[in-house]
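In the two assemblies presented below, subunit A is common to both, partnered first by subunit B and then by subunit C.
Presenting the complex of A and B:
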């Protein structure tokens, strides 16, 4: 019944200096799901929202956030946006050199018939936790992922960002 | 050479840990439910990853081992609707809530989720299952939801089958994709 091992590393980046953006290009369509795992280190106090786009496209995104910061739990949504908003309220640090864990799932990313949805979890040492789900109203296979922030040089040296692929039986 | 053969067959050589695809179901038409049966007991944990559509608004449930006793299931959940956050404790259904309080399965916007079933072969303790789920419809009228659930299955039996269904008699539709994976420890 089982069909073999999967969950393969596609590409990994370790930041050796402060950066404002990261990018994964020419992503293979050989998998069923993608998982972006980011051991995040902050280079600023900005606590940035991570702005995620795919395929160089800047339209058709919407994201719903569920978050808690230790005293309140709440939910927000930003619709008809030019990017997915990940860790919009909680989940990236507001302290320089503080860390966070960000795991973003792209289920069924290589299909070419339906919209794409994502699920992301974020957790930081000082801002809280957040669960995000989002949609990209486009049926193209995802072959590129870009992440940046509204402010510059937020992603610190020592951050490790790895893209994995999971194949279906 | 004989000695090497003995070592291998005795599993003295450690097997690597692994994440293995067990079975995937991709719907090409309409189905009332999606089932995984005969799940092998050779893994340590299971993970179910789904991407789904339905013919009409539907809340998803997960039934285990064909057990339809209401008293054997319970779900705690918290969700965000995009405007408010809330939660609850569901004890009235003969299945674990998989998704769908303010955002439900629909015809157009994929509902997605990841469900972890730890130590599923254990036969001496009840099972606790966790899931994260979500659907965003860009405020088009279908609603939306990001949710986290924990499910309690009051049975000491190993999990050998899973059945997903939607309430209200709604059906899963073409394009839905459910993948079951097994996670192995190092031997």
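Presenting the complex of A and C:
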């Protein structure tokens, strides 16, 4: 993929059946930032926390969450974890077939000089909104993104997940 | 050439303000829509901007997280789609900002909307609101209408609509 083009689709998936996980492999390092946009459709009532890992690695993650569920505002945090916890309290639906919007930003993902970060926002009228920020204590360029949940078959058919590349140069 | 993040339409409010900003005949050729709004309410003191799709007022809802710089953020819900903009009591010549992302707007699913909006104005009060919205309708979105809760949207307010494609 040629560098210099911005907000360009890298990969896209439209789920044709219920899934427990999604995966983006062999992500080009030709961009500066990544944006993952998920038109989420729930296949369960689990309201899952999205467990995000990169490069198949399961250590060195921390996440801070700020959320509002329509009545309560609170913030939580987890460190030394095996994944980033996205939509930990709010943002994925607890109603089957309900929809949500999830956007994850991975700034400077191809840099190899310092640790990688994530900024994620999740929004659902079913469970509320959440703002998540996290760090992966690893300086490797991100070439793979995996998302799953502690429960199974939460991601519904019709969900559209697209990974875009943003180029600064 | 990239096929994504394409300007679809824009609205720049002229002298005297306007009762509404209306994007009609939105093309169905993209995957997602992004609406960037800079807005101020001209006459009222409760500055929110309402949003309708396809001119429908039913089946709208949202939950939001809001704070004004104080120690007590709130979370609440509404039965409309709305976001923050600046109001006449805010500092002059300031406009609220809103980023509205509408994924999968042509699908036959209910339309989930993510909105971040702020009214920072270097004055006594400013708000920020993060919103999860829903239009519980399976129609493709072909029209977006913005109106002030009361009064008009002020001169110099702008709205830019972009199409984002994963094709």
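Assume the second predicted complex is superposed on the first by the 164 of 169 C-alpha atoms of A that agree within 3 Å, B and C clash if a C-alpha of one lies under 4 Å from a C-alpha of the other, contacts with A are read in each partner's own complex, and residues count from 1 in each chain.
Following the convention adopted for this analysis, a residue touches a chain if its C-beta (ideal position, glycine included) is under 8 Å from a C-beta of that chain, and two chains touch if they have at least 3 such contacts.
No experiment lies behind these values; they were computed from the predicted model shown.
Applying the stated contact rule after C-alpha superposition, one finds that A:99 touches subunit C and leaves subunit B untouched. Once the two complexes are overlaid on the shared chain, A:117 sits against subunit B while remaining clear of subunit C. Of the two partner chains, subunit B is the only one that A:32 touches; subunit C does not reach it. When the two complexes are overlaid on their common chain A, residue A:133 makes contact with subunit B while staying clear of subunit C. Look at A:65: by the touch rule set out above, it reaches subunit B but stays clear of subunit C. Judged by the touch definition given at the top, the superposed model places A:6 against both subunit B and subunit C.
With both structures placed on the common chain, the touch criterion links A:160 to subunit C but leaves subunit B unconnected.
When the two structures are aligned on the shared chain, A:73 is found in touch with subunit B and with subunit C. Common to the subunit B-facing and subunit C-facing surfaces of subunit A are residues 5-7, 66-67, 73, 121, 131. Of all residues in subunit C, only 1-2, 4-5, 31-32, 61-66, 73-77, 101, 103-104, 107, 109-116, 130-134, 164-167 touch subunit A in the complex they form. Within the complex, the subunit A residues that touch subunit B are 1-7, 32-33, 62-67, 73-77, 79-80, 105, 107-108, 111, 113-119, 121, 131-135, 137, 166-169.
Within the complex formed with subunit C, the subunit A residues making contact are 5-9, 12, 37-41, 66-73, 90-91, 98-101, 103, 121-129, 131, 158, 160, 162, 164. Those residues of subunit B that touch subunit A in the complex are listed here as 18-24, 26, 38-40, 42, 49-51, 53, 78-85, 103, 108-114, 132-139, 144-148, 175, 177, 179, 181-182.
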